[in-house]
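As structure tokens, here come the structures.
Shared between the two complexes below is chain A, which pairs with chain B and chain C, respectively.
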Partner chain A sequence: MASKQILSPLPGTFYRRSSPDQPPYKDKGDSVAEGDVIGLVEVMKSFNEVKADTAGTVVEFLVENEDPVMAGQPLVELDG
Partner chain B sequence: MPITSLLIANRGEIAVRIVRAARELGIRTVQAHSDADADMLAVRLADDAVSIGPPHAAKSYLNIDAIVEAARAKGVDAIHPGYGFLAENADFADAIEAAGMIFVGPSGSNIRLLGDKVAARQAADAAGVPTVPGSEGRIDDVAAARAVVDEIGYPVLVKAAAGGGGRGIRVITSAEEFDRLVPQAAAEAQAAFGDGGLYIEKLIARARHVEVQVLGDGTDVVHCYERECSLQRRRQKVWEEAPAAMLDDDIRQSLCAAAVALAKSVGYRGAGTAEFLYDDETRDFYFIEMNTRIQVEHPVTELVTGIDLVREMILIAGGEPLRLAQDDIAVSGHAIECRINAEDPYNDFMPFPGTVAGLTVPGGPGVRFDTMLYPGYAIPPFYDSLLGKLIVWDDSRDAALARLDGALAEFDVEGVTTTAPLHQALVRDDDVRAGAFHTKFLEQWLEREPLGEVKKREVAG
Partner chain C sequence: MPIKVLSPGLATTVQDLGRPGYYHLGIPISGGMDRLALRAANMLVGNDEGAAVLEAVFMGPELEFTSDAMVAVTGAELPPKVDSDVREGWAAFEVKAGQTLSFEYLKSGARAYIAISGGVDVPVVLGSRSTYPLGALGGHEGRPLQAGDELPLGTGGGKAGTSVPENLRRGPGMPAELRVLTGIYWYRLTEEAQGNFFEDTWKVAPEADRIAYRFRGGRKASFVDREPPFGAGSDPSNIVDGCYPYGSIQMPGGTEPIVLHRDAVSGGGYFMLGTVISADMDLIGQLQPHVPTKFTEVDMETALGARHERHALLDNIREAIG
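This part shows the complex of A and B:
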């Protein structure tokens, strides 16, 4: 099983949920299909969905909720 | 006691503005910054700097404890909040005072009062300042609704008293629509919110946004005349002017007097802005809200009155009485401000953080550029997109428009996409040149895609 990563398309602040009172889009062990939303990146007060460009199972998130991210930075590691 | 040292609890262009104003007063400046802002221009210009936390604003610029602690550690007398972030947070003002320092702004109780929509409306009513006509509170039957509409006239907005976020709002333009829609609105409100109560407000269909700058010392209040900020996109101001060229002088006088009356009635201290909607067909104006801080667009007022508003607010906070009487304040010429944002006007204003490869700032008489940019600066993606404000002054509005056109042609930020092309198109638009606009004008104008006419510049770097 190959390990794959989903990269942040934009620089900004990473969020794992659509709003603070919602569950995370994806958790460890969840399966991810291509096109699934795995989080949000806020760039200058504009919120952008991060969609998976590959499928697999979440091994781990590489950044925490509300962490700053750079464009191209790996956000999540997938197996499969 | 005069302020001798000041912590600036903000970032971007306004932090630069405050550092400069304080420096001219001989005040030692300490610039607070998040970890993402360690190399920002205000940090470079200030005497000292202090980190207040991680990039995420909730953990730094919105963190009251971290800011008060940083101010205490640096031994400053006072904290300037700028605009946005904690500038209108009464708890922040109270925490600073409780820590034995000065908050550069009004008292926490003033911020609390004027920040509450209902309380502010009541304060305005009590001071004799016109508010948008409507029901005094909730209305529970059709007959009472009818009585309100008979008094204020059509068109009206009918809202569910228990609603929110734009839900359950109807526009009613005639008695026929009233008979059909009001019972329906009450039934829907009952079904949606379990509460059939309604609220009725006059619909101000085509209004200008006009606002009055005031300065108070807790006892006396003066006004520095008005600004017009009708060109807005998604309720964000894009272009501002002083004075409001289309305002008749008798209306100007009563508008400014209303703002002073409101500020005086609450014992206002510091710089503040009373915002109004102005209907130029009926010549009626209505108070919307009072902003208890310095505003982004304050420079247009500075250019037409010659008053340094940031300096005045620092002096007032240090305990000085107002240095200007109303008769000392006069308007000369006309000023226009364009907000230059890191957004792509050709792509639905998508934010565009990046690194400034080169910067060409326009010059000449009557041209001012308030910014935090410098060549090589990497614009962080964590905060708002305002990069700077291009402000021009000339002796008439027509001359100011010509000066702005020239200044925009000189202006260039390499490596970053900005809204400058939007302003180039606006400054040449016939309606904008004629001052024929209202608060919905820009959004309707953008739907016609006028930017196709302006040649898109290649982004270098």
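This part shows the complex of A and C:
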């Protein structure tokens, strides 16, 4: 199985859930389909959904909730 | 023949050198945040330096061309692609009718300037084609681009391969340094707070935008005690309403410095500790969220010298492009 990564399209602050009282969009072991939202990047007062451009199973998140991220930085590692 | 917007990027707007002359009426100067990059992009495609271009922030748009044109991308390192072939930044290249211009991930900086030969020919509003989204004024329908928009172009020339020599290109520093002239309200800060402001390393807050750049991470400022003047209210960072210059630095509540930029409001009731010098305003437009930033105190002579250097740099670019 090849390993793949989903990259952040934007610099900003990464969030794994849509609001603090919601469960994370995806957890370790979850399957991800192309187009699924895997997190949010906050920048310039707006929250932008990060959508998977590839499908697979979440091996691990490479950044923590509320971490600063750069454009092109790997966010999630997928298997499959 | 228009350009079709297939995807708009994050907040791509039409900008030229701005709309001076109405700030006293509450209409901001707008225009590109990095004007040196904007001018250079226009020069590369044979436009007037003040022609309207697209300012893309953090993420590029996807544009389909319906006629042949010359394109140049300057400012942030946001590599352009014609169909799937990557092109160089700070250089003119041709895009043919039917081809699509798109962008790779941002590598450095924040705002890329996309000049197209002939310029983006949206209507002139109050002397400028710049977009002021908050006021729904200028640009394309007074707002950032959306998928499905069609942008009219003027007619132009330009020559593929024309480029800005590398030593004349300007990107953001890391950490960034912003030079500051203290202002008439500087006395409101205690001596300790004055020292801390220049000593601390601040970080660009994610909400920084065309209106203002906010910084956080430094120590909270303390203020000299006073009897609040009539109308100012009890918060020590308040003043009786005043005019806000472009580049002025507010610090509401003494917590986070906010540098006003091209789409700022023109007045209000926060004290301003000083202004970022004009030569460094372009640089602010290239700062990404979380970039460490130091403020450095300079005097008027240094500020004017820096402005002079900036003009000389622009002259050198003009000469190099011919």
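Throughout what follows, the second predicted complex is superposed on the first by the 80 of 80 C-alpha atoms of A that agree within 3 Å, B and C clash if a C-alpha of one lies under 4 Å from a C-alpha of the other, contacts with A are read in each partner's own complex, and residues count from 1 in each chain.
Assume a residue touches a chain if its C-beta (ideal position, glycine included) is under 8 Å from a C-beta of that chain, and two chains touch if they have at least 3 such contacts.
Keep in mind that what you see is a predicted model, and the values were worked out from it rather than measured.
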| item | value |
| --- | --- |
| Contacts of A:45 with chain B and chain C, given as first, second, both or neither | both |
| Touching partner for A:12 - first (chain B), second (chain C), both, neither | both |
| Partner chain(s) touched by A:66 [first = chain B, second = chain C, both, neither] | first |
| Overlapping contact positions on chain A, where the chain C interface meets the chain B interface | 10-13, 42-45, 68 |
| Chain A residues within the chain B interface of the complex | 10-13, 42-46, 66-68 |
| Residues of chain A touching chain C in the complex | 7, 9-13, 42-45, 48, 68, 70-72 |
| Residues of chain C that touch chain A when the two form their complex | 10-11, 57-59, 105-107, 110, 206-209, 288-290 |
| Touching residues (chain side chain B, partner chain A) in the complex | 36, 54-56, 58-59, 342-343, 350-351, 353, 381-385 |
